[in-house]
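Take a look at the following structure, please.
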Amino acid sequence: MALNVYLSGEIHTDWREQITAGAEGLDITFNAPVTDHGASDDCGVAILGAEPNKFWHDRKGAQVNAIRTRKGIEDADVIVVRFGDQYKQWNAAFDAGYAAALGKSLIILHGPDHAHALKEVDAAALAVAEEPLQVVDILRYVLTGKLPG
Amino acid sequence: MALNVYLSGEIHTDWREQITAGAEGLDITFNAPVTDHGASDDCGVAILGAEPNKFWHDRKGAQVNAIRTRKGIEDADVIVVRFGDQYKQWNAAFDAGYAAALGKSLIILHGPDHAHALKEVDAAALAVAEEPLQVVDILRYVLTGKLPG
Amino acid sequence: MALNVYLSGEIHTDWREQITAGAEGLDITFNAPVTDHGASDDCGVAILGAEPNKFWHDRKGAQVNAIRTRKGIEDADVIVVRFGDQYKQWNAAFDAGYAAALGKSLIILHGPDHAHALKEVDAAALAVAEEPLQVVDILRYVLTGKLPG
Amino acid sequence: MALNVYLSGEIHTDWREQITAGAEGLDITFNAPVTDHGASDDCGVAILGAEPNKFWHDRKGAQVNAIRTRKGIEDADVIVVRFGDQYKQWNAAFDAGYAAALGKSLIILHGPDHAHALKEVDAAALAVAEEPLQVVDILRYVLTGKLPG
Amino acid sequence: MALNVYLSGEIHTDWREQITAGAEGLDITFNAPVTDHGASDDCGVAILGAEPNKFWHDRKGAQVNAIRTRKGIEDADVIVVRFGDQYKQWNAAFDAGYAAALGKSLIILHGPDHAHALKEVDAAALAVAEEPLQVVDILRYVLTGKLPG
Amino acid sequence: MALNVYLSGEIHTDWREQITAGAEGLDITFNAPVTDHGASDDCGVAILGAEPNKFWHDRKGAQVNAIRTRKGIEDADVIVVRFGDQYKQWNAAFDAGYAAALGKSLIILHGPDHAHALKEVDAAALAVAEEPLQVVDILRYVLTGKLPG
Amino acid sequence: MALNVYLSGEIHTDWREQITAGAEGLDITFNAPVTDHGASDDCGVAILGAEPNKFWHDRKGAQVNAIRTRKGIEDADVIVVRFGDQYKQWNAAFDAGYAAALGKSLIILHGPDHAHALKEVDAAALAVAEEPLQVVDILRYVLTGKLPG
Amino acid sequence: MALNVYLSGEIHTDWREQITAGAEGLDITFNAPVTDHGASDDCGVAILGAEPNKFWHDRKGAQVNAIRTRKGIEDADVIVVRFGDQYKQWNAAFDAGYAAALGKSLIILHGPDHAHALKEVDAAALAVAEEPLQVVDILRYVLTGKLPG
């Protein structure tokens, strides 16, 4: 068994690196959105031409990013969605809902402060973790049957 | 043509009432989540037994609410998702993603301040409105071909 | 909102009657398998001809019953699966798996003694109840937003 | 033609080893649930934190195991489900129902004593075998057209 | 529970009339192909213009008939396919395969002489009957739980 | 049998009226896009606010119209797509492709001059007609088995 | 582009060999049912135990063969179905219907004598050929754009 | 991440070559229809026999081409549809609609003169480009996160 895992959500900490480093040696393909905030915001206008109106500036970029995001989610067996401490992160919750409707296995990753606000998202998940290394432990167990420690 | 419309999201203003009142006379069935905040939070434990741990208290409630939410979204032709000024509203973004993956027509309703944070959600929508009466105008036009004014 | 609810599983107590009586006045269509044990066992051979081999006797009946069971599950929004104290009840667990794969909302109904053995089935459910009237309370809440008491 | 086969059900005898050994040389990928009973029961709490309530202890574990189970079933062409002499084995019947709803080819493996209790499960299968080596014979025939003997 | 039943296959005996008459009083909607052989053969050219080449004459008619056939099969819960004594009846077997791939409940109706030649078709069915009244008995049992006699 | 028919394409002649008038008395629900050219072009900006850039003006309108178009196509059993003498009519061909991918029965309606340019569209259809009354004849035959004349 | 092609139908002439030989050098994976008539008829009882009743003898075999047939059809991009001069060949027409419902590209191969009897099957196909080498020419053209001669 | 991209539409300029050359080094598989206009028009009759009637000549060819087109679209993650200056190009719009209904990511490529006529097609797309190299920039960004310049 091999897994395809999509790492959605927060882009300002190194949680993706912790997971991919921790999962070294496991048969997992990781995908993720573009995590360069500036490139992600401006990709639409940089390629397809400037927009004076910020709304359409954002629309162009969000739709170009959607090509990658949808491919990543649709190819995945497991979607990990990380909610950090800052920002609205509605795109992370949107990805979680999108993945849930496709029947993907969801792992939600967040600190205890967000638990109540994320209760509907957590309720659609097969695991709710607080630390990236717990995600690694889950993926290792799923693939090998080995528990940590 | 008749429409089934699900009104997802913010539960602290009267936007649902504005839409259903404005749409009087149109052949539309409206559905929505339970909007009684207390009942929505406590439905799980009130029916299935208390939980000392708040996480499972929330889980029980969120899953009972999911019976209604999924039915409402799956039956709908159009999902309107309202983002208000307060709270994280991740469940609203989750519903939007869920509906998008099912190929439903999405209308997103929010003030201009949220535009950048909602750009991925808006990019999946067929309309982005600021006022509930614009949603009514869209629904009337879709059903009758008549524009306002 | 109206619900179509399929009541699967145990056929030797009056739990279906408790639910349908308790739900009187709610906009719910209930369906269920044939609960006459003898008719259910013998329907295949009674209609299509006797089989000397019990295996094919059972096969003929189980396939005729499957016409009703599949229709009931596929039409349903909510599947309630009751596990009683007796028998293997593998058909109940089969129905639960079938419904889960179709994305139906599952409510599992069983006493606390079965909790560990049913953990995989419960884990796919949106609610786990011990009493039929809890199922009624859930259905009433889903349709009306009203909690008991 | 190559086959992906998922071996679901009983974990206390060596039936999986008999099948994989017997099928050596055939172009088959086998998958299975975690068959270490203790690890399977405790994986949720071992990774995600202890639960004083056994119900949630079980839920956490069952949902982590579901990541593997669903992946295994969804990737498979053929699901073999083994019912042994002990335990309720409702998860095996659940897997069979889940696989049936996805249109997978089912092979059910059980002794003659269980035939009546499994009639609905058997009726959804393309083969009902009593011995692991019959499963091997079926898989060899499906891939090569060769019959045993 | 109500059923939608599509009656496919042989058009030269009164088996459809026997079934619909026998099922009087049951909540069943019956559909069927156009059973006027001449109209069925010529509908394409009669409406859309003559074709000198018999192959295209047949194509035009078969495609117009497919509008009705597909609608009938896709709307149905149960497909009854009758194989009579004459003709190739490949369209009947085609309908059976089409319905099987859609997951419809199949009842095959034929005399014992055809059993071996129809073994693959029968193997996809939930019931194989020899007489139209057996089909009526199945439908009555599925809807009411009552066995004949 | 009743039919839901969506009438897509050209909006400058009375072909829709000819079909609906000709089909009077048949159990058919007809739907169509908004055929008021001006309203269709301007619906987006009229409801959701002006756009200085014609591209986004058009985008807003096309997306609002898509709510109606998708609902109409997805609800339909049969899609009739009319290609007239003028304009590019790419939206008509788009609707035809959209409907084909959903497995809908397609009837294409156009004059002989367009036959070569429409060969790929025609090749996906179950009927190609030149006159609206031929479409009526097809619909009557599909529902009643009666041929014209 | 590579193609997966399933060769269904007649098993008494060398048409499959003609196609696979003719297609040498093209990037095509061919699959087919077991074409050893005796093995195909007896596989069920040879592996799973004798049946005194011919009907169940046939059922056991047909269901074991269905494991291969369904895998072959579901994996295929193109299904070629050959109707020969002998036998009822209902399984071939069943496969064609099954493949059509799954949206597979169908090529039907038969002599001109069968054209009228196969008109519904042909009408669901993208090509109707009389000779195996025409099928090779189609496959070569689809993959390379090269026409014969 | 790797992408499968289908290049649909105009066949009289070198836009496909510009894209595939520009994308060299990226992990992309490109597919396209047969772009030899003569072969594409005549493939049906060249292989399956001449037709005196141009309509059926075209039908035979269009259906053979559909084997390739459908395979190309169904395998693709991204569909690029190019509208050139000449011809009706209804097949391009048909492909766009077909791909949209399958939920594929669409990029539409056309000059500004066609913007109004293509507004419904553009509205279903995630990007609208004017130059082939913009498509390359999008594909590179989707795969690598790198913006041009």
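Observations
By letter and in written order, the chains are A, B, C, D, E, F, G and H; residue numbering begins at 1 in each of them.
Keep this in mind: a residue touches a chain if its C-beta (ideal position, glycine included) is under 8 Å from a C-beta of that chain, and two chains touch if they have at least 3 such contacts.
Just so it is clear, the structure is predicted and the values come from calculations on it, not from any experiment.
The set of chains touching subunit C and also touching subunit G is given as D, E.
Of all residue numbers used where subunit D meets subunit G, under half belong to both copies. The two sides are thus made of different residues. Subunit E and subunit F carry the same sequence, and matching their CA atoms takes a turn of 90 degrees, rounded to a multiple of 5.
Among the other chains, the CA centroid farthest from that of subunit D is the one of F. In terms of residue-numbered contacts, A-H and E-F present the same interface, as over half of their contact pairs agree; the other options in F-H, E-F or C-D do not. In this assembly, the C-alpha centroid of subunit A lies 40 Å from the C-alpha centroid of subunit F.
Put simply, the C-alpha centre of subunit A and that of subunit B have 23 angstrom between them. Taking each chain's centre as the average of its CA atoms, subunit B and subunit F sit 31 Å apart. In subunit A, 63, 66, 128 are the positions where the chain touches two or more neighbouring chains simultaneously. Contact residues on subunit C toward subunit B in their complex (touch as defined above): 1, 3, 77-78, 103, 105, 107, 125-129, 134, 137-138, 141-143, 145-149.
On the subunit B side of its complex with subunit C, the touching residues are 31, 34-36, 39, 42-44, 46-48, 60, 63-64, 66-68, 70-72, 75.
The touching residues of subunit G, when paired with subunit E in their complex, are 54-55, 58-59, 61-63, 65-66, 69, 83, 87-102, 114-124, 128.
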